[in-house]
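In the two complexes that follow, chain A is the common piece, with chain B as its partner first and chain C second.
Up next is the complex of A and B:
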């Protein structure tokens, strides 16, 4: 792949080119004491000079000592909210005499351009693609949004306190799923973006943005940044034999320990970029002449989720947490041929009581009945 | 399908502030549709006209705090096909259930010039402690959209979409940043039932728990986390003892911290 360089001063041209081509820009911006994904217009909407400190159950916005545009880790939002909206009307229906007519939803107005997607997030998107548009049943809204969305990726310049993408082999360098990928380099007085092109669509857009071929020294500087990020992950998860281990851990005593801390509040599933479960609600108005069908994010931490005739299959918090973790790290592989976790760490940071999926796996391994001291667990 | 006769709707008040009834009047745009579908048979906040029972649907606001009300709710139940209780008073005893943690006789002797005139019960209790109820709509006050959803569902003979999960789900669905994780605010959201649309966190305040305990609340774990983050025991008790103080999971946990 040929590497290019876009100067910081020319990045605005990338944004204006995208806007000029009819894209709605969705990217990182400061809101409510966090860096969230929202609609942005210019480079000035980015969280310039801001970063974040993260730990289990804790996120704090912090000032940087420089003017980096993408110098933060992951925030609470993921691109899931754009591809698979939290709440979406699928269609409406009107009563007409003794029958009814279906009123279809209009298609979205403008295609989106994601600005600043990280490698783990691109992996999460490809996992959702597999579930929602590459199986026998295609979610038409999801597929339409995915097919028209342009992705500008950013390689991570630092690792967050709860990041473990290296363990999940999903980062920190973007290798797939982008039209253009940037590595932000702040090198003394210089500020530029090492740029890689992933698609012809990306190459076409760069025609309108000033750039030049990267020098070897610039390529090396960008690579050092990504390598340093990979070497400073906040968390790690030893995945060796994990699927088989979890299949044998159904009666592990540690599940009770997690359940005592778990609030069953569903935050982990809401912030997870791969969790894709939705429910469908039919609503009618008072007149009874108008009905709507809505799709909404659902969570395996609710009682309704596993409700069938006779009651909820997973009535206890323990059974819900066990199901969630086992699905993410084991059954997902049998179902979709990948783990359902990309190591983004959001479920750790945004759990109000700081439950840490990487630590729970360590504890489960340690407390597995019949465990041989040296043969499993982390080497 | 819609029957010829319009169903009769009655609204009943017990110990309460009237705020939940007013949520019904607050449905300004939908009020005309509502009176098109039901006959308002008894609703003192809206009309002096009273039509005799029985009633197809009764909305009951307020808790039971007097011997007289304890009898009256029995009559309301007898006269109602469906009895829906609305608001924290009716579902959990309300803010007036704070009396349940103290000696009411002592209050009465201090507050009233002639305590003998006061006939009151030791405890403020929810309607379901006295009669069977068909649905409990939470909130202090109830959410007007949920109230309309519930009435629409009942009129159409379908299941109401009133989730029992946590406020966190609503925060995340609307994209609100978690005030507990990002600011360290003690928030009742993880143990509180959704329904308000995550109002307070969207204004950068912790949830006050107006909608009462969610379906499987782990209040012990949440308050342990607050304590770990520096919240003092009396403040934990105060947070748990508000509009839903006597809801069992909140009551139990507040008593554990009330030394």
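Up next is the complex of A and C:
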């Protein structure tokens, strides 16, 4: 892949080019004491000079000592809120005589450009693609959004306190799923973006943005940044034999231990970029002549989720946490040939009681009846 | 204001959205028991009937009231009389019961894996149903009887809670009169006038005549009944690979999107509802999977 350099001062031109071509920019911005993804217009909407301190159950905005544009890791939002909206009307219906007519939803307005997607997030997107557009059935709303969305990735310049993308082989360097990938380099007085082009669509956009070929020292500087990130992951997860282990761990005593701490609040599933579960709600207006069907995010942590006549299949918190973790790290592999976790750490950061998927796996391995002594999760 | 395309229900070309349905109208409805009824539906536009295989289900949508998975309970050789048998247990199934003849409803499907009738050829076939579980097995029975010569012994074992819960009474009476089909019925609780078997359906297994080594078994009913029945069949010598069970889970989409129907690695909507027993035996033994 050919590497280019875009100077910090020219980055605005990338944004204006995208806007000029009719893209709606979605990117990181400061809101409600967090860095979240929302509609942005210019470089100045980015969280310039801010970073996020993260630990189990903790998230804190902090000032950086520099003016980095992408000097944070991940907030509570993921791109799934754009690709698979939390609430979406699937259709409306009007009564006609004894029957009714269906009113289809109009197609979306402008195509989106995602600004600042991280490698783990690109992996999460391709995991959702497998679920919603690469199986026997295709979700047309999702597929339309995915096909028209442009993705500008950013390689992580630091590892977050709860990140473990290296363990999940999903980062920190973006290798797929982007049109353009940037590595932000702040080097003394210099501030530039080492730029890689992933698609012809990306190359075409760059025609309108000042850039030049990267020098070897610039390439090396960018590589050092990503290597340092990879070497300083906040968490790790040993995945060897994990699927087989979890299939054998349904009766592991540690599930009771997690259940005592888990509030079944569903936060972890809402922030997770791969969780795809939804429900539908059918509603009518007061006259009963107009009906709508809405699709909404759902969570395996709720009682309704598994309800069948007579009661919930998973009525205990233990069974719900077990379902969630086992799905992420074991059954997902058999369903979609990939784990359902990319190591973004959001579920750890945003769990009100600080439950840590990586730590729970270690504890499960330790407490598995009949396990060999001295294995601390690693061989 | 934007003009939103409005399409007459039932006349639009097949939508590309797998969550959209076709327009049907209620042709007839009759009560089977105090809480269970059968409906017959016809395509609104009079289009060709959609073929289905025994064991498959449809999603039925009642205007503004919800959508539920319901097995097709009619004869696969007469797909134009699209037939469903429904137990009214909650909001959507009760609104199905309120539908009047001529009224419209949405249908999408058929979905799911069928009973392995082809693979069972040459074998004895034991059909075990509990309660409403007879509905998804009835198309299989029709087909087995259509091709009676292809099979050895055919046995129907049916259990309900009480005599008033027995479905398809007239049909069962006809079947019991046949010499080429052994039909045994049991109830959990007998009431006055019941002279038949009392006890759970798995107790009928030892009473039926079939050759276990050459038997294919089809089971549908409450999960606990499925577990005990499969174990009892295994104990009598039926090969686990020849036992098939139909499972039930909450379903919102039926096409693998919503995640609700997961059972370990399986999506009941997409991989099931009919599974070969060895595929689910381990999971059935764990509580709350």
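Throughout what follows, the second predicted complex is superposed on the first by the 375 of 379 C-alpha atoms of A that agree within 3 Å, B and C clash if a C-alpha of one lies under 4 Å from a C-alpha of the other, contacts with A are read in each partner's own complex, and residues count from 1 in each chain.
We adopt the following convention: a residue touches a chain if its C-beta (ideal position, glycine included) is under 8 Å from a C-beta of that chain, and two chains touch if they have at least 3 such contacts.
Just so it is clear, the structure is predicted and the values come from calculations on it, not from any experiment.
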- Item | Which of chain B and chain C A:140 touches, first, second, both or neither | second
- With the two structures laid over each other on chain A, which partner does A:282 touch: chain B (first), chain C (second), both, or neither? both
- Message: I'd like to know which partner A:90 touches here: chain B for first, chain C for second, both or neither.
- Response: second
- Query: So, does A:313 touch the first partner chain B, the second partner chain C, both, or neither?
  - Reply: second
- Who does A:102 touch here: chain B (first), chain C (second), both, or neither? second
- Item | First (chain B), second (chain C), both or neither touched by A:132 | second
- Which chain A residues are contacted by chain C in one complex and by chain B in the other? 282-284, 288, 315-316
- Contact footprint of chain A on chain C as seen in their complex: 2, 4-10, 12, 15-20, 23, 25, 44, 61, 63-67, 89-90, 100, 102-104, 248-250, 252-253, 255-260, 262, 264-265, 267, 270, 286-289
- Listed in rising order, the residues of chain A that touch chain B in the complex are 31-34, 36, 57-61, 76-77, 81, 86-87, 260-267, 270-271, 281-288, 296-297, 299, 301-304, 315-317, 349-354
- In their complex, what parts of chain B are in touch with chain A? 2, 30, 33-34, 36-37, 148-149, 151-153, 155-156, 158, 161, 163-166, 168-169, 172-178, 180-184, 187, 189-191, 204, 214-218, 220-222, 224-225
- Query: Mind pulling up the chain A residues that touch chain C in the complex?
  - Reply: 90-91, 93-96, 98-106, 131-132, 135-141, 250-251, 276-280, 282-284, 288, 291-292, 298, 300, 305-309, 313-316, 318-319, 323, 326-327, 330-331, 334-335
